[in-house]
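A, B, C and D label the chains in the order they appear, each numbered from 1.
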Amino acid sequence: MSAPFLPAGDPVAPALRGFARAHAHLVELREDPVHLRARERDPRRVVGLVAGGGSGHEPMHAGFLGRGMLDAVAPGQVFASPHNRQVLHASLAAAGPEGVVHVVKNYTGDRINFGIAAERLRHEGVRVGRVLVDDDLATDDTDSATGRRGTGATVVVEKLLGAAADEGRGLDELTALGNAVAAASRSLAVASRAQTSFHTGEPAFDLAAGELEYGVGIHGERAATTIDRPPLPDLVVRMIDELLTGLPPGPGELLVLVNGMGATTQLELYGIFDQAAAVLEERGLRVAESLVGTYVPALDMAGFSLTLTRLRDGWRTWWRAPARTPAFPVLDDVNEEGR
Amino acid sequence: MTATAAPVLRRYAESVAAAHDELTRLDQASGDGDFGDNLRSGLTRVLAELDRPGAELDRPGAAHGFDVAGRVFLDEVGGTSGPLFGLLFTELARALDENPDGGWARGTAAGLAAIQRVGEAEVGDRTLVDALAPAAAELERGTGFAAAARAAAEGARATADLRARRGRASYVGERARGLPDPGAMGVALLFEALAATKDPGFSAGLC
Amino acid sequence: MSAPFLPAGDPVAPALRGFARAHAHLVELREDPVHLRARERDPRRVVGLVAGGGSGHEPMHAGFLGRGMLDAVAPGQVFASPHNRQVLHASLAAAGPEGVVHVVKNYTGDRINFGIAAERLRHEGVRVGRVLVDDDLATDDTDSATGRRGTGATVVVEKLLGAAADEGRGLDELTALGNAVAAASRSLAVASRAQTSFHTGEPAFDLAAGELEYGVGIHGERAATTIDRPPLPDLVVRMIDELLTGLPPGPGELLVLVNGMGATTQLELYGIFDQAAAVLEERGLRVAESLVGTYVPALDMAGFSLTLTRLRDGWRTWWRAPARTPAFPVLDDVNEEGR
Amino acid sequence: MTATAAPVLRRYAESVAAAHDELTRLDQASGDGDFGDNLRSGLTRVLAELDRPGAELDRPGAAHGFDVAGRVFLDEVGGTSGPLFGLLFTELARALDENPDGGWARGTAAGLAAIQRVGEAEVGDRTLVDALAPAAAELERGTGFAAAARAAAEGARATADLRARRGRASYVGERARGLPDPGAMGVALLFEALAATKDPGFSAGLC
C-alpha cells in the first residue's frame, strides 16, 4: 500500500509537471537532467541563486522560484539529494556574469552533490559561492562532524539573498550574507505524528497518543528524544527558551518563522505564533518580522517548527521586498509601497 | 610505470561483479545497501561505451577509458559514492592525458584532493578516503602499483575498527563496527585491478 | 485529549490574534463582536464584499482579505456558523455606498445568520446582495430542501467578485456575477483519513487502510459512500467524469481547482492536477486557469477536492487580476504586467 | 386583546426552566442538544435586564420586554433558534409599540414572515414554523390567545410525525421521528405563557 494520493512509481515527476503547468507564468521545467528555472529576473541581478534538495518539503524550494528569490532549483527524489548533474544544469541555467550562489541545506548528500557540481562549474569557468544552512538546534552536537541539519531557516536565507541579489550585489557579498543569515538562525521542530511513508502508506514511525518527538528532522528520522506532550503554552516556552540559549548573541530584533510540518492546520500555526510572540516579548525581545505557514514540511508529518533569526541592519527591508513566486506571500507594506 | 586505462577498468569491472554481493552486504550493515549496485552498474555502462564499435579509436592513449568513466560516474551513477568515483576517474584521465607514465601518482593525488574538497572526509572517518589516501601516498613515493594496492587493501580492512563520522554510516553509530566500509573496499579493488593488470598473478587478498 | 497543538478552550481567538499580527499590514482584527477587515481597498470599489463561516477551513476566508478580494470576514467557531452580529458588524465595516454583497456557503447556519444580519442591515438602510455558493456535487439530491453544500468554489467566487468589485461594479451586477460563478462550478471531495477531532484528538471517523470517503464534506460529516481506494488515475477519471456530468453545460474553457483537505502534500496535489488536466484535455476541454493548494481544508483531513468552473467571457481577466491578501498566490502574468 | 410583554416573558422563562430537560432531550434526539440551554440562557439574560433597577421606567408600555428580548436573542443567543426567536421578539416589540391591542396578531405574522424569509422553512419542514404558523393564523382570525396557544401546541406535537427538511435535524433523517421538534415546542410554550398571563388557569398541556 503506497501513500494515498501519490502515483505508483515516481511521485516527483508528475508533481513537477503539474507545478510547472500551474505556474507556467513564473517557472519553467527543464528535463534531462530535471531542473526548474524562474522565468523572470531582476535585470540588476549579476549572480544566479540556485537551491535544491530532496522532494517532500514543498513549497520549498521550487515554490520560491521567481523574481526576488531563486533563479533555479534542482529537485531530488523524495528525501534524496538531487544528482550533481541536476545542480550543474540548474546552475548553468541560473548563472549571472558573476556566477552562482548555491543554497545548500546541511546534509551529506546535498553537500556532496552541490560540491561536485561546484567542481564541474569551476572547471567550466563559472564562479560558485556556497551558503550552507545549518539551523537545526536538535543536531547541535559537537561530537559529530556532520553538524546541524538545515531546516526552516532556508526560507529566510532564500528570501534575504534574493532581495540582496536584486540590488546587484556580488558573489562574495551574497555568499557572506547567506552564511550570516544561517549563522543568525536556529530552529527546533516537534511532531505528534510521523509522515506517511511513501512506500508503505503507514506512518514512518510510531508515536503513542500524547507523545511528542522533540527535535525531529524533516526526513522521517526520529528525534533524539520522545517526550510526553506538555500543554501547548509550556511546549512553546520550552522551545523558545532552548532556541534563545542556542542562538548566538546579537540584535534583539527577531524574525519568527512558525512552520507547519505538513498536516498542521493554520488554526494551530497562528495560535502557536501568537503564543511564541508573547513569550519572546516577555523575554524582552522584539518580533519584528514573521512568517506563519507550511513552508518546509516533511511530507504530511503532524508537527511544527520554530525558527528564530536575529535581524541585522537592512535585513528587514530585504525580507519585505516584493517577491513574485508561486509560494512566498505578500509581505510588503501597503503604505510604503502604494502599488 | 605505465598502464592504460581500459584494461584496468575491464579487470576492475570483473572483480566488482564478483564482489557485488559482499559489497551489498557491507552497505546493508552500515548504510542503505545500494553501494554494490551503484558501482557495478556504473562500470557496466562504462564498458558498454568502451565496447561501442569504433570507440577505441575515438581517443586512443593511456587516459582513454577514465574520461568515459569520469563522465558516466559523475553524470549517471547515484549514491554518494558514484560521483566521488567520478571525480577520481576524471582526475586520473586528466593526469594520464598529460603524462602517460607519471600520471597515476598525480591523478590519484588530485582525485583524493577533489574527493576531500567535496566530501570533507579526513582519514579515519571511515570512508573510501581511508583506502585512497594510503594508495596515493605509496604512488607518490614511487613504490609501485602492488605496494599501492596493498596499502589500499590494508586501509580498507582497517575501517572495520572505525566509527563512521561521515556519510550515511555515521547515523548508525557503533552498529557498523566489525565490518569494513564498502566504499573503501571498492577503492581497494580498483588498485588491486591496476596492480593485476601489470602483474596478472597479483592479489591483495580482498574478497 | 485535545488536538495536539490547539490551546485548551477557545482555539479560534488565539489563531485570529496570531493571524492579525502576522498580517498586520493587510488585515485588522476587531473585537466585540469578532470580525476582520482589510486595510486596503481599491478606491473604485462601491460595494463591500463580506464572507464568513465556521473556522477550520483556513486560509478561507480571512486569508483572502485584502485589495482585490474581500473587505471583511466573520469567522465562527470551528465548523460553526458565525453569529449574525459578527456578520452585521463585518458588513458595517465593509459597506460601500452601494452596500455589501454576502458570500454565503450553503449551510443552514450560515444562511440563517447571514440572513438575519441582512434583515438588520436593511433596517439600517444598507443594501445587501447574497451570493450563495453551492458547488458540492456529492449533495446534489433533489429530495433535500437544503441543497448542495458550498465548498471549494468559494475561492473562485471570492476572487472573481473581488476583481469585478474593483472595477466599480454595482450591487446587483456583483450579486448576479457571484451566483453565476457558483452556478458554473461543481466540486467533489475524497478523504483517506478524517480530520482530528478538536475535542477528542482522535480521527473524527474511522476509515480502514485502503478505504476512501467519496463525496466527503468539509465539516467532518462522513460521505454518503465509502469505496475501496482505486489507483489514483482511475480515481481522478471517475471524479472528473462525474463532475462533467453534474456541471451545467457552457463554455469548454475551465478553471480547475485542486484543493487539499488539510494533510495532503503539494507533491500529491500537483500530481493530481497533472492527471486531472490530462483527463480534461482528453475529453476535449481546455484547462485555461488553475489553482493548486490547500485553500478550503477541513482541519487536517487527508484528502483532496476537485472544483471545475466553466469560464465565461472576462472571467479569466478577473481571475488573474492582482490580489494583495495573506493567502492568494501570484497569478498575474509577468509579460502582461511587467511590474 | 391586550397583554404587556414583561409578565408574558417572566411566565415564559418559568415554563422554559421547567421544560429545560425535556427540550434538551428533544434536541439530543434530532440535533446537537443545546436548544434547552440556548433558550433558557437567553430568557435569563432578558429577565436580568428587565429586573435591572430603573429598567421598567426606561420605556414603559406594552412592547417593553420584547425589545429587550429581541436585542438579546439577536445579539447574544447562539444556535439556529436564538436569532430566529430574536426576529419574532423584535417584530412583536415593533407591532405592540404601534398598537398595544392589535399588536399580537400583527407582530406574530411579521415575526413568522421574517423567520421564513431568513430560515426558508415551510410548514411541514419540522421546525418552529410548524408551531408559529398556526398560532399566527388563529390570532389573525381573532379567536383569542387560548386558541392560538392550543393551535401552537397542536402544531408542535404534530411535528413528531414529520421528517425534518430544514436545520440540523434534516441530517439524521428518520431517526428523530416519534418525538416533536424542540424549536416548535419552545414556540408553543411562548403562546401558552401568553394565554396563561391572561387566564392564569390556562394550560395547553405541553410538558
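Quick note on the criterion: contacts are C-beta pairs under 8 Å (C-beta built on N, C-alpha and C of every residue); 3 or more make two chains touch, one makes a residue touch a chain.
Quick caveat: nothing in here was measured; it's all calculated off a predicted structure.
Visitor: Using the touch definition from the top, list the chains contacting both subunit A and subunit B.
Guide: Expected: no chain.
Visitor: How many Å are there between the centre of subunit B and the centre of subunit D, using C-alpha atoms for each centre?
Guide: Taking the mean C-alpha position of each chain, the two centres sit 89 Å apart.
Visitor: Can you check how far apart subunit B and subunit C are, centre to centre, with Cα atoms defining each centre and the answer in Å?
Guide: 58
Visitor: Taking the mean of the C-alpha atoms as each chain's centre, how many Å separate subunit A from subunit C?
Guide: Each chain reduced to its C-alpha mean, subunit A and subunit C end up 28 Å apart.
Visitor: Please tell me the distance, in whole Å, between the geometric centres of subunit C and subunit D computed from their C-alpha atoms.
Guide: The computed centroid separation for subunit C versus subunit D comes out at 35 Å.
Visitor: Please output the residue numbers of subunit C that touch at least 2 other chains, ranges allowed.
Guide: Subunit C, residues with two or more chain partners: not present.
Visitor: Can you tell me which residues of subunit D touch two or more of the remaining chains?
Guide: Within subunit D, no residue contacts more than one other chain.
Visitor: Make each chain a node and each touching pair an edge, then name the shape: line, ring, star, complete, other.
Guide: Shape of the chain contacts: a line, open at both ends.
Visitor: For this structure, give each pair of chains that are touching.
Guide: Every pair of chains meeting the touch criterion: A-B, A-C, C-D.
Visitor: Under the stated contact criterion, what part of subunit D meets subunit C in this complex?
Guide: These residues of subunit D touch subunit C: 74-76, 78, 80, 83-84, 86-87, 114, 117-120, 125, 165-168, 170-171.
Visitor: Considering only the defined contacts, which subunit A positions touch subunit C in the complex?
Guide: My answer: residues 1, 3-8, 11-12, 14-19, 21-22, 25-26, 39-40, 55-56, 58-59, 63, 66-67, 78, 192-193, 196, 201-202, 209-210, 212, 229, 231-233, 262-275, 277, 290-292, 294, 297, 299-300, 302-304, 322, 324-327, 329-335, 339.
Visitor: Of all residues in subunit C, which touch subunit D in the complex?
Guide: Per the stated touch rule, the residues are 83-85, 108-109, 111-113, 115-116, 118-120, 144-146, 221.
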